[in-house]
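Following are the structures in question.
Heads up, the next two complexes both have chain A, just with different partners, chain B and then chain C.
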Partner chain A sequence: MTAADEALERVTQVPGVRGSLLISVDDGLVVAERLMEGIDGRAVAALAASLVQRLGRATGGAGLQSPKFVHLRGNAGSVLAARGRDDLVLVAVVDPDANVGRARIEMLDAVGHLA
Partner chain B sequence: MRALEPWVVAPLQTFITESSARLILLMTTSGQVVAQHGFSRSLDVMTASALGAAIVASTEELARIMGASRFGAVVHGGSRQSCMLAAFGTPRGRWIGLVVFGSETSVGIVQLFFDKMVEELVGAAPKEQPPPPLLAENFERELDTSLKELFGR
Partner chain C sequence: MTDDIRTLTARVAEEPSSLAFLELGEALRRRGQLEAAYKVARGGLARYPALADAHDLVARILGDQGDLAGAFDAWVEALRLDPMRIGALKGIAFLYFRAGDVPAALGHLQRAAEIDPDDGSIVQAIARIRQATQAEPQDRVGDTQGNGYVAHPPALPDSATRAEAGQGAFLPDSDTGDHGSMLVDANGLRLSGTVRSPANEDVGDRVAAELAGVSKEAARTSRLLGLGIWQAIAVEAPDWNLFLVAPTPDTLLLTVGESSLPMARLALVADRAAREAREWLEQHA
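This part shows the complex of A and B:
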């Protein structure tokens, strides 16, 4: 199992996580994914990468560091993103009742182990 | 933005807004321009459409030789701007999209909204038969008319 697969495995084991992806933030493309049926990984990758990139620009413009973790909460669930090394971002799509705290810990730890 | 057929305008405008693409050219597989956004000179459009059609023809032939189905898209990544070429089917025949984009967007976003534009174009295309092919004797006049419509002069 590759480091990317291990990272995805850890995140998807958290209750309420519907899927996770490793994406390239510069390209907005999927590097690896583990998703439930019905989730469009390509769309999640493109839009999450755009979100992370724009937040990075916004915080940079405000003289702050790029966010290491992003939590976008909606009525039907949330999108979580943890920035790793280079341009990799670990993204999770979670249900409204998911254990977001545990997902956050697993994601930050998992991206830290990615080469 | 300029388009030869009005039903192309709305899907194309949505794509430009959503993707933040700098330039886009829609053409037939023979290189005839259908719509364009961002080009300022007709010569650039004619050159880009001819080259785009040739690249798609080359990659499709390459795919055939390799025994693969058609390639979905060709992306040329550059340091300042990138270019995506993709062919797709419409009720009006097979068309090609050439998109030039910069670092303000990404290839993932461009591909995502390009596919949505193709769906909208297929849905918006009139069901009647396309116009007959241009005759040799009026080709130059038709080409001139098309370029005037595409550049508004």
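This part shows the complex of A and C:
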């Protein structure tokens, strides 16, 4: 099992996580994914990459470093993104009642182990 | 649990009659553990009902919890026990100002300044009240029920009280770890407030411009991924946390806090600021 697969497995084991994927934020492409049926990985990758990039520009404008974790909360679920090395971002789509705190910890730890 | 809280907890447990509960309660409050802080403070107050410090601590915690009436009562009691207590004078001044009673607010601050003429924060607070009431009277709504929106409030007793009370929503507060809030329109223009960089530069316009499309982007992402209507975006940067909410469909409110401020607490601050922003927008429409 690759480091990417291990990262995805850790995250998807958290209750309420519908799926996770590793993306390249620069081009919005999927590097690896583990998603429930019905979730379009390419759409998640493109949208999450775009959002992370835009927020990165906003934090850059404020003289802050790039975001390490982003949580977009909707009334029917959330998307979480943890920035890893280079341009890799670990993304998870979660239910509204998911344990976001645990998912966050797993994601930040997992991206730390990615090469 | 951090080492200092662990140590203080052990001290209080070993010696329940000691005054270590004051430090413990304050440490818990600063970490945002308000319920625990309140329990500790109430426990200490039960032992020392005539201790002004204990009432002052309870007031700060209640202020953080948004119970401003309770905070007022506790500060009044602290002041009754110790008429020279500057923290209580500043706290009451803030609450009067929030309620629209500027003379009472100034009176308490002036009394504090007489007690400690070297305290620059009091002088600044007096100046800010005068400036706010003279330069921008339209930004103050005289609501004696305490619901008035105040665009430029005076300095509060501490950052947590001010932040949790929802005041200073559009003010930077670089001396207390809160780097400000800012309301931005759909075109990336700043409506109110600002944000300061770690180097204390005003970067409001630059950040506002970058935030222009965030609301649409969030709405699009949320819709396409089946997340419903987007409600908030929490952003963790290495040194700072940011929280974005949309008070109205055409505006975005950014709140920035130090990373030591728990994200859930920053979310509470942002929610309250959003409510005030909605009121402000209605008044300035």
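By our rule, the second predicted complex is superposed on the first by the 115 of 115 C-alpha atoms of A that agree within 3 Å, B and C clash if a C-alpha of one lies under 4 Å from a C-alpha of the other, contacts with A are read in each partner's own complex, and residues count from 1 in each chain.
What we mean here is this: contacts are C-beta pairs under 8 Å (C-beta built on N, C-alpha and C of every residue); 3 or more make two chains touch, one makes a residue touch a chain.
Remember, predicted model here, so these are calculated numbers, not experimental data.
Look at chain A after the overlay: chain B and chain C fit there side by side. In the superposition on chain A, A:L8 makes contact with neither chain B nor chain C.
When the two structures are aligned on the shared chain, A:F69 is found in touch with chain C, with no touch to chain B. Comparing chain C and chain B on the residues of chain A they touch gives the larger count to C.
When both complexes are overlaid on chain A, the residue A:S78 reaches chain C alone and has no touch with chain B.
By the touch criterion defined above, A:A43 reaches both chain B and chain C.
In the overlay built on the shared chain, the residue A:D26 is in contact with chain B alone; chain C does not reach it.
By the document's definition of touching, of the two partners only chain C reaches A:G61; chain B does not.
For the superposed model, the angle subtended at the Cα centre of chain A by chain B and chain C works out to 120 degrees in steps of 10. Contacts of A:A110 after superposition: neither chain B nor chain C is touched. Of the two partner chains placed by superposition, only chain C is touched by A:L51; chain B is not.
After superposing the two complexes on their shared chain, the closest approach between C-alpha atoms of chain B and chain C is 10 Å. Overlap of the chain B and chain C interfaces on chain A comprises residues 43, 47, 50.
Here chain A touches chain C in the complex through residues 39, 43-44, 47-48, 50-51, 54-55, 57-79, 93, going by the rule given at the top.
Residues 23, 26-29, 42-43, 45-47, 49-50, 53 of chain A are the ones touching chain B in the complex. Per the touch definition, chain C reaches chain A in the complex via residues 195, 197-199, 201, 203, 206-207, 209-211, 213-214, 217-218, 220-222, 224-240, 242, 254, 256. Those residues of chain B lying in contact with chain A across their complex are 105-109, 111-112.
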